[in-house]
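One chain, chain A, links the two complexes that follow: it is found with chain B in the first and with chain C in the second.
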Partner chain A sequence: MRGKLLRTMLINLIVWTLALAWALPYIGVVAVSAMPYKEVVTEGWLRIPNVDSLTLRNYIEALTNPLYDLATGYRNSLIVASISTLIPLIAAALAAYAFSNLDFRLKPLLFGLVLVIMMVPQQLTVVPLFFLYRNLGLYDTMQGIILLHSAWGIAWITFFLRNYFKFIPRSLIEAARVDGASDFRIFSKIVLPLSVPGLIAAALLQFTWVWNDLFYALVFLISRENQVITQKVVMLKGEYHIDWGLLTAGSVISMSMPVILYAVFNKYFMKGVAAWGVKR
Partner chain B sequence: MRLNKQIRLIFFLLFPFTLLTIFVVYPIVATVYYSLYDKNTGSLNLNNYIDVISSINPIYMLVSRSFTPTPPWGALIHNLAWVLIHVPLTILLGLILAFILKYYVKGSALIRTIIFLGMVVPPVVGGLIIRFMFDGVVGIIPAIFSFMGIEALSKTWTNYPSTALYALILGSLWIWLGFSITVFSAALENIPRSHIDAARVFGASMRHIFLKVIVPQLRPAIVIVTVMTALWDMKIFDVVYASTGGGPGGSTSVLALVMYSYFARALDYYKSAAVAVILALIVAPFIVIVMRWLKD
Partner chain C sequence: MKGASLKLWRVTKRFRNVVAVDNLNLEVDRGEFIVLLGPSGCGKTTTLRIIAGLETPDEGRVYIDDVDVTDLEPGERDVAMVFQDYALYPHITVFENIAFPLVVRARKLSLTKRDIEEKVLNVAKMLKIDDLLDRKPTQLSGGQQQRAALARALVKEPKIWLMDEPLSNLDALIRLQVRAEIKKLQKDLGITTVYVTHDQTEALSLADRVAVMNRGRILQIGSPREIYDDPKHIFVATFVGVPPMNLLECRVSDVLECPGFRRKLPEESKEYFKRLNKIYIGIRPEHIEIVSKEEGDLEGVVYVIEPLGPEYIINVLVDDTLIKIKTVKEYTLHSGDKVYLKINWAKAIAFDTATGLSLGKISIA
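Take a look at the complex of A and B:
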């Protein structure tokens, strides 16, 4: 019995050490961002900070210095991520309803298409879109990148919501049909209200995904006033010299949005990801 | 009635599939076309592919001709090294931790929350943090090696071809472990508690329960985590771009970065398309596996 207790304690010790190791990078980034860099170099950051020398200088510098201008990036990210969440959510809800409640000849084909698009690398669309956007005047505009993110979002959210809609009892929908309700009514009065948790989960994951994107932003947003936060953060890194105070402050700013969402809606995130592992 | 049905389909499908067609389906097809387009002659041939594959410029190289003990080995080989190291570690650590957290540890929800955070922060920031942790001045990992007296590893890992790639691969374990633990934990919930208890009553050891009861029942989840992790490793971009930009000397270059370099540095859009197609062809088998799994 004592051996067993000892073993449980040892396991707990190991696992908690590991968890601490996983948390340490975040602690380090926050610590360095709020300390004078000179102090970090001489005394390190893994210690109780000197309350007197804590400073927001790095944050102010990163947000307001026109050279870095993370404030503009933050605003742009908010605009792009919000609209790129709203559009595909509506579009995908419509498609998901068709896949879960209507019969049509092209259904297997179109559903296969949705699945393929979910998995395809982003890189595979860049070159033609670049040509197209240059011709249409969408290159280096927020509208352009919003349309792009929206389209990608439609694919996975359609799949995600279809699974969700399938959980709605058939009897409810059949009863409404018998009463003469149109599909639009069933969709808006029964299916959508019953799927609010699914819609929230999809919105959170899509918003985070768009917020975190770097690749499309690099390709399609060029001018300083259009760039989003992820681009601006990378530019805080100098070519040869790295100002870790500035860079860590920028990192904290750019991850603040998804981390806050995660802190508030923790369960939705994990369930969204866990859905991959459990067959429905 | 028929007309009615068609109006209904148009209402539900027109908007989503118009967007998908213009912004995803058309570009995918067109990328294949552009990858075959020879800008010198205006005809369609495989010259872009030949050029891309035979490049020996370290920034664009896909596969190195000569083998050296340290990178650069070429972007494709770096991606494969990533898969070979990262996937087994992710699976093993994820499985063991999910198992231990469920049955043996107090406060496991908090631990899962901490580990999952890597999935939430932007991969760009993940890349910067990796660089930070392996930095010779402010980083913890070189400091630990310095403390142990191993001088070779007490420097800025990302500045040297011999260590940069490994720093990124190990760092990506930190980013991605949340995925595997979360999926395995969810799958564990589906194993009836009675199975574990029965094994315990018969005096099975912890190791025995893990290997003989847990692992076999988690096989579908293991397959999906393997494939999704491999896909992530093959497509990786942000982490590398933010931490090393592919350097030093191309020693951390990856396929997606080569594609971007042709696009943004060389402004050679057709070769860029060719690299994108090569990347897509390599991940195609993984995509097929996931699709089959998702369909039923």
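Take a look at the complex of A and C:
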């Protein structure tokens, strides 16, 4: 009895320590974002903030000052991330249905191809893509970067959803088939509704991935009006001078979207990802 | 509703190197209830899936009402299937589940929403689940889920009703209840039915004819009585019956030498059996009696007694062979007691030890 209590306490201690270590930087970022610059540099960031001097000035500055242009970045990120989530989700769901429920020639080979694409590092493709995009006129356009993210998304989401669809008992699909349902009806009326957690998990991961991307954005989006939030946040940092309050406010703004989405869809996300690891 | 006839002609199905169904022929009459009975892996489910169109045979043809349906999609065959796990769609209500086959073909059959509602209600009433239509399948008990699955299979008035071990997930009590109901429904509606099971009691109680399968082949097809009383193959004899038929390995010369006793062969069948050198004699447990020493054919020692409520299984060791006797009489016997047994020879059947085929009744008085 006593041993069990000790064990529970020990486990709690370890978990809380880890959680604190993980959360501390974020707490710090949020705290600093609400402090005046002077306080940050004179008194440090890791402390209980002085309530009287708390300010929203950093946020207002980051969003409204045309020099930083965070609002445009936010809007661009929203457009890029939502469309780059929607396109691969639809395409990959259809592909995943085919891989999990239909028999066709070259299926193993094609599925192997999906896996290979998943494993290619993005950095490896950036130079040929740069030339391709320049020639196609897609360089420095939002359509261009949306296509790029969608293409990467299709591969892993196909794999993810194929595994998810495999969880649906075969008899459900066979019953529908015996009843005369077409593949599209089986897909839309049975497979999709039963895979909502998986679809949400895939959408969240893809959305966050695209939202957080800086590498492709830096290479393919040049002009101010096309740049996304991650690029804008980087530019809050001056070459010789860092306004910590401004930078952290920008970071919080940038993080806000994924955080809200995870908070809202957390339940589905857990369900969806839980299925990911189980072999079937 | 009216059933169709069904014919499988030389159907073979292989999975890689395994022959699941081996040159199988089967003819089912209109309105007949056929049960495919066999151990797991005998090809019975594959046969059913071939009829449904969920598997394509490598060789052979499938005919429904003399129309070749081998290359038709499952949905074009006008069959309905009940799955072992019921296969109810968990995200929609029972009503929508039952309506699904109709909704799918609403345009083709020019059904209005009201037609569908009416048909669903009718079939739900027939199966006594009309008060559960608004629930989700997960909110139903096993027996209710089973009824919903049966309703979904019946609502489209199929030509052929296919069932794949539909009772195996139910509790023993409900199983008995639903079993009787399936039989009643089938007889009332007159739908041709093919039913797959590994449970011989189920097979014998439901079927007009039972097809006993092993290793992809039908070993015998016949009425439950025929299957039980006159097995044509040693596999049928030992697979059907609880406990299974006793097999005595006997040597044949001028006399029949069996464990524990010797018998003269009747003159007329002597030559017939003699060429075999060895045969099995099969005798059902209820056709052996415990008698007095004078009446006994053979002598043995009680090994163990299993009371089953209304009846007893008495295991008797004769030489090295364990013989099971089923009786409703109560005996005051204990393990190790010496007993004398009398075989009802009119019910005994001889089997070829090499091929396993029945050699017919062995009439030794």
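Just so it is clear, the second predicted complex is superposed on the first by the 245 of 280 C-alpha atoms of A that agree within 3 Å, B and C clash if a C-alpha of one lies under 4 Å from a C-alpha of the other, contacts with A are read in each partner's own complex, and residues count from 1 in each chain.
Assume contacts are C-beta pairs under 8 Å (C-beta built on N, C-alpha and C of every residue); 3 or more make two chains touch, one makes a residue touch a chain.
Computed from a prediction, not measured in an experiment: that's the story for all the values here.
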| item | value |
| --- | --- |
| Clash or fit (per the criteria above) of chain B with chain C on chain A | fit |
| Which superposed partner A:172 touches (first chain B, second chain C, both, neither) | second |
| First, second, both or neither for A:233, with chain B first and chain C second | first |
| Chain B versus chain C as contact partner of A:97, first or second or both or neither | first |
| Which superposed partner A:8 touches (first chain B, second chain C, both, neither) | first |
| Partner chain in contact with A:147 - chain B first, chain C second, else both or neither | first |
| Which superposed partner A:123 touches (first chain B, second chain C, both, neither) | first |
| First, second, both or neither for A:181, with chain B first and chain C second | second |
| More chain A residues in contact [chain B versus chain C] | B |
| Partner chain in contact with A:193 - chain B first, chain C second, else both or neither | second |
| Partner chain(s) touched by A:42 [first = chain B, second = chain C, both, neither] | neither |
| Chain C versus chain B - closest C-alpha approach in the superposed model, Å | 8 |
| Set of chain A residues, in rising order, touched by both chain B and chain C | none |
| Chain A to chain C touching residues, read off their complex | 169, 171-172, 174-181, 185, 190, 193-194 |
| Of all residues in chain A, those that touch chain B in their complex | 8, 11-12, 15-16, 18-19, 22-26, 28-29, 32, 40-41, 44-46, 87-88, 90-92, 94-95, 97-98, 102, 104, 110, 112-117, 119-132, 147-148, 150-152, 154-155, 158-159, 183-184, 187, 208, 211-212, 214-215, 218-219, 230, 233-234, 237, 242, 244, 247-248, 251, 254-255, 258-259, 261-262, 266, 269-270, 273-279 |
| Contact set on chain B toward chain A in their complex | 8-9, 11-13, 15-17, 19-20, 22-28, 30-31, 34, 97, 100-101, 104-107, 110-125, 128-129, 131-133, 135, 137-138, 140, 143, 174, 177-179, 182-187, 189-190, 220-221, 224-225, 228, 231, 234-235, 237-238, 241-242, 256, 259-260, 263-264, 269-270, 272-273, 275-277, 279-280, 283, 286-287, 290-291, 293-295 |
| Touch list for chain C against partner chain A, complex | 52-54, 73-76, 79-81, 83-85, 87, 89-92, 100-101, 104-105, 152, 156 |
